[in-house]
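Letters A, B, C and D name the chains as they come in the text, with residue numbers starting at 1 for each one.
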Amino acid sequence: MNTLGNKLKVTVFGQSHAPAIGCVIDGLPSGFAPDMERVSAFMARRAPGRNAWSTNRKESDTPEILSGLVEGRTCGAPVSMLIRNSDQHSRDYAGLKRTPRPSHADYTAIIKYGGNYDIRGGGQFSGRLTAPLCFAGALALQLLEQKGITVAAHIAQIEGVFDSAPDFASVARTELETLLKKPFPVFSDDAGIRMRQAIEAARLDADSVGGVIRCFALGLPAGIGEPMFGGVENRLAAALFGIPAVRGVSFGTGFAAAGMRGSEHNDPFFMDGDRVSARTNHAGGVLGGITSGLPLVVNIAVKPTASIAKEQETVDLETRESTSLVIHGRHDPCIVPRAVPVAEAVTALTVLDMLLE
Amino acid sequence: MNTLGNKLKVTVFGQSHAPAIGCVIDGLPSGFAPDMERVSAFMARRAPGRNAWSTNRKESDTPEILSGLVEGRTCGAPVSMLIRNSDQHSRDYAGLKRTPRPSHADYTAIIKYGGNYDIRGGGQFSGRLTAPLCFAGALALQLLEQKGITVAAHIAQIEGVFDSAPDFASVARTELETLLKKPFPVFSDDAGIRMRQAIEAARLDADSVGGVIRCFALGLPAGIGEPMFGGVENRLAAALFGIPAVRGVSFGTGFAAAGMRGSEHNDPFFMDGDRVSARTNHAGGVLGGITSGLPLVVNIAVKPTASIAKEQETVDLETRESTSLVIHGRHDPCIVPRAVPVAEAVTALTVLDMLLE
Amino acid sequence: MNTLGNKLKVTVFGQSHAPAIGCVIDGLPSGFAPDMERVSAFMARRAPGRNAWSTNRKESDTPEILSGLVEGRTCGAPVSMLIRNSDQHSRDYAGLKRTPRPSHADYTAIIKYGGNYDIRGGGQFSGRLTAPLCFAGALALQLLEQKGITVAAHIAQIEGVFDSAPDFASVARTELETLLKKPFPVFSDDAGIRMRQAIEAARLDADSVGGVIRCFALGLPAGIGEPMFGGVENRLAAALFGIPAVRGVSFGTGFAAAGMRGSEHNDPFFMDGDRVSARTNHAGGVLGGITSGLPLVVNIAVKPTASIAKEQETVDLETRESTSLVIHGRHDPCIVPRAVPVAEAVTALTVLDMLLE
Amino acid sequence: MNTLGNKLKVTVFGQSHAPAIGCVIDGLPSGFAPDMERVSAFMARRAPGRNAWSTNRKESDTPEILSGLVEGRTCGAPVSMLIRNSDQHSRDYAGLKRTPRPSHADYTAIIKYGGNYDIRGGGQFSGRLTAPLCFAGALALQLLEQKGITVAAHIAQIEGVFDSAPDFASVARTELETLLKKPFPVFSDDAGIRMRQAIEAARLDADSVGGVIRCFALGLPAGIGEPMFGGVENRLAAALFGIPAVRGVSFGTGFAAAGMRGSEHNDPFFMDGDRVSARTNHAGGVLGGITSGLPLVVNIAVKPTASIAKEQETVDLETRESTSLVIHGRHDPCIVPRAVPVAEAVTALTVLDMLLE
């Protein structure tokens, strides 16, 4: 379903080519005055067509507030908003219903929803639906900031290029703030250049590339989260897999922990002045589902975009025969940079929800 | 919290050294007659002390049914059961409250629950709590089998040793059935030998090793799952992170997808006789949160056990000083083999829940 | 919170004087083509200002569909809609924040949300928020109709005037269809005349009157509902108390059952041809939380509107002194007639949700 | 389903003739030391066979704690417990599957669960399942007491006899405490005598009588509850309809509000010293779903027990013919007195859940 959260509930609606997309945010504290310029700036980080390495499609993401704010402050009622979809003239999307794009939700949506599925622009599975999530997340980020919590993500990997990583145990707020100011958020600018080259090369090949986003939350108190199925990992993973193209979610050292020994992976505690800290943070700030007070570190694997301009094998669902498909038009060779604010938004919403519970 | 599922709800209770552990399973179809010998055999795969490569602690996992079965058949009421904890005499666990084990839930549980936290044997965070999950999962597995669905997992990795992997698009039911019969479930028996050597080496070093479990579900119909936050990935990840020591969950090609190009990662559709199939299954059987009809493939990263017999740095929560810790007694150098049936159980419960919705 | 339902989720947003009110309906089956004229006609039954016995305030309830419908058919994505609020110029509502209206949510909302609460027109507690509920309910009613289920309510009581009641065990579909066509839905037109006289008398006295709505659902299969906390009564009551001014919910004979003996209250079963039926239906179609196949009968007590034009005692929250209050402007002397379609809508949504589970 | 609550979750299991009944209570604060003697005393109020006016069946309700308590204090893990069912030898219950008792859940349970339904002693629908609810409620009551909140109920009506009612706006804690000490909790001892006479008369007639329970919660802070579907009424009603035989739930003046005018029903605010109070409390302490700080007052209608010893009409589900039925054995002519602690328990659990959220 299209609702995220318990005490702070975000319900997303819309399709790529519906009259509008939007969301309803229920459970925000009353009296909060969001800085709307910062909300817009945050949403702009997600919007396509702003950068050389992104798709050309221009999206107008200007949100219209429908309820919940009175003179710029939350009043206790759900904050709801919509974004009009300007581009509603449909190219020949009908064809895609017969010959679904490989590795795209087209096929499973047709199975699930039948002939009435709105396939135009990816319908409800379009990345465009992450715009309202970013709106909601932008509010959550500001509320977390008021509690001294900073959430920021970097592009940890694009195809074969890896960003440098900070020390998970001691990553500084200033490092994250620097990251948040970069149009292409990486710690190593050199890696960033090579990542953009990889994206550009994929574009020239009419192809796409995937990557990994690593998201940090600094300043979380220890003790947040419930055991077993109510842990921080359970909640964050359940939320982050809601972002299109996410294929994996891991914490701290993640899958690499599988190759390690306990003596290497364990994070030795020590007293850092008056505070319990740890020498390393392979755990990514969560032990037994509960925050330890160290930085929360979550890794999100993003597959290469399914929509590519190369000829691909597929099936004709009408004739029930194998066939092939070329998708014309512009393609986004890499959604990873645009997915960074989405990952921050979803992380922020989930963390805030757990804090409000 | 300790409840999993929507229509099929499993509530787990107990601590390692409480009088009992157990579970309540609400929502099973009425009239189902579980084969209790197979339930016991399944639970035995999880129990420690059965194999050379496992811990020495013997656990009696004999379940006592409290309700829900009449003459061996479900009657519509919740099936509930308990397992008595024989070993309730506590060694000096009190010390662990002062000097928490690095990378163990001890520390965060003390923060969350305060001095009353039941630290004996890992309390409610003990791996022993997975026994009732296996009981519930064993029932789910039998019900799935009636629907033609097979769930089975292999040990894909232990430390630096990797098992061979079947073709995700065409893995056969017979391959999985063979796997289910092996005491150490790997496709490559040679890899299995080297994995056990790695475990044995860790034990001799008073250390532990991690690994990866890969779980398959064959026979799932296409069209199961909801978009966005209700997808199969969201639901499975939320459940699987409930297993102790899980650090990452990914689907199909998982994090490796991040390094691939779309042309390489996309799974080309083709007609396999009358059935839509795909040449590859990098997607792991899920597109847009909804099953495609191809095998479901989920990868689960397990960290090396935190409890090792080596001396480790930690803190004394009373004196608020750094100190060190040696944990005496026997340790399980690798929980991965025992976590295999738990992963199958949790996968089966989640898949059945989604089928019942 | 502002979300109703499990598999069919309706999320309502807006305040009386916000730019808009609306809702998001998630979980409708795909391919359903709602008859929008009938939706409008249904919503018009709720809108004020249409009848002599209602308030004078005119509300434009024209819904604008934002998503979920393609060429008039549901496509699987959430159906979302908004209704613009034309009347946003605020009279002196600020005064009400100091001197809350007795028995109105004003006071508790100020306590809960503080000074930022949007008190204009009753804010998020305004009866106007039931318009989107009626939109959603109108869709549910059409879907139920396709399954042979009719939902209809009558005004069972206004102040001291009682409508006649049909035999709960044998109320006919045609009786309900007649009811649905009446602008003032009562079985006894004579009682209807006296009810309207009671409303008119209250209006002339600058006062208000309450009443009881009784809602029927015909054609429900036996066996719907879960035991204990998942029963039809639990679900319906939880939903119906979401309608403003509802003070009680009962089933079948309701509170009068408390004065009866078992021999009188028990509904004797008999074979009605091939079908199990009952001589009476004091149970209102539900036994142990599960439908019996007899007509579902639910009674909803509605208090007299809190907003009356008489002088009333209240407090000044600023000076912390007792004071008095006269609310100027037009008042609705009785919301019961307008609450009838809302009760039908909420009943239909809840019943459909349970059928879809 | 058999789970109640959000942050404080109670899962009930068992059938009347299963090996055991019990519950799992997840979400209790850590470090709470329940007074087990008071728990037992509270549970004894529910148990049958203790009083002249109740059934003769003796039930041993001694709870066995399975987990969650260490040295008498909650440790953060779910508190779970069971009660063994001593009487498991089944009389001829099989007959009831063919000829279901009128107005009993037998019939709908057979429809829902089929031939495997455990009909012995009412199975999972047995009033016996309220024993674990009382255990859980007893813990909640003690926790509420620590917060200065008193929950107590009286028998407001038995058949045609009505108890006197205190002033809803000013009912005193001492009045409730007196009530809690009475074996037959009424304000007017004279009414209590006549109620018991009515019960005795029903018993002599091989019949049963219903009644009304009115439950109070004193000391609740203002501002608890969420709007629309998250209100105190929604939550309490959803919970209270989980008690067997409940047919209606209302707040404050309840259904009588339907016959009143606004000027009569509105509760005028006034300053009671420094505190906002009201002259009357027709609202029962809730406005717009949110507590006002006045006493919470909820009325619960209980039907006469379906099981009576008189001959009744029913159907033979095998021959599909009308027939008649006499149920032999002892019957409880009135469950209302025993349902009083159950109502208190469910109210306490729901209120505590809302306070913990």
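For the reader, a short list of remarks on this structure follows.
Just so it is clear, a contact is a pair of C-beta atoms (placed from the backbone, for glycine too) under 8 Å apart; a residue touches a chain by one contact, two chains touch by 3 or more.
Fair warning: this is a prediction, and the values are worked out from it, not measured in the lab.
Taking A-D and B-D together, the pair of chains sharing more C-beta contacts is B-D. Among the remaining chains, D is positioned farthest from chain A, on the basis of C-alpha centroids. A separation of 27 Å divides the Cα centre of chain A from that of chain B. Per-chain Cα centroids separate chain A from chain D by 46 Å. Once the centre of each chain is set as its mean CA position, chain B and chain D turn out to be 39 Å apart. In chain D, the residues that touch at least two other chains are 1-3, 12, 76-77, 109, 112, 124, 227.
Partner chain B is touched in their complex by these residues of chain A: 1-4, 12, 100, 102-105, 107-109, 111-112, 124-125, 129, 157, 159-160, 202, 205, 207-212, 222-223, 225-231, 233-235, 237-239, 241-242, 244, 246-255, 257-271, 274, 276, 278-279, 282-284, 286-293, 299, 301-308, 310, 312-315, 317, 320-322.
Remark: chain A residues 6-7, 76-77, 227, 357 touch chain D in the complex.
Every residue of chain B that touches chain D in the complex is listed here, in rising order: 1-3, 9, 11-15, 18-22, 24, 26-27, 30-31, 64-68, 70, 73-78, 80, 82, 109, 112-118, 123-124.
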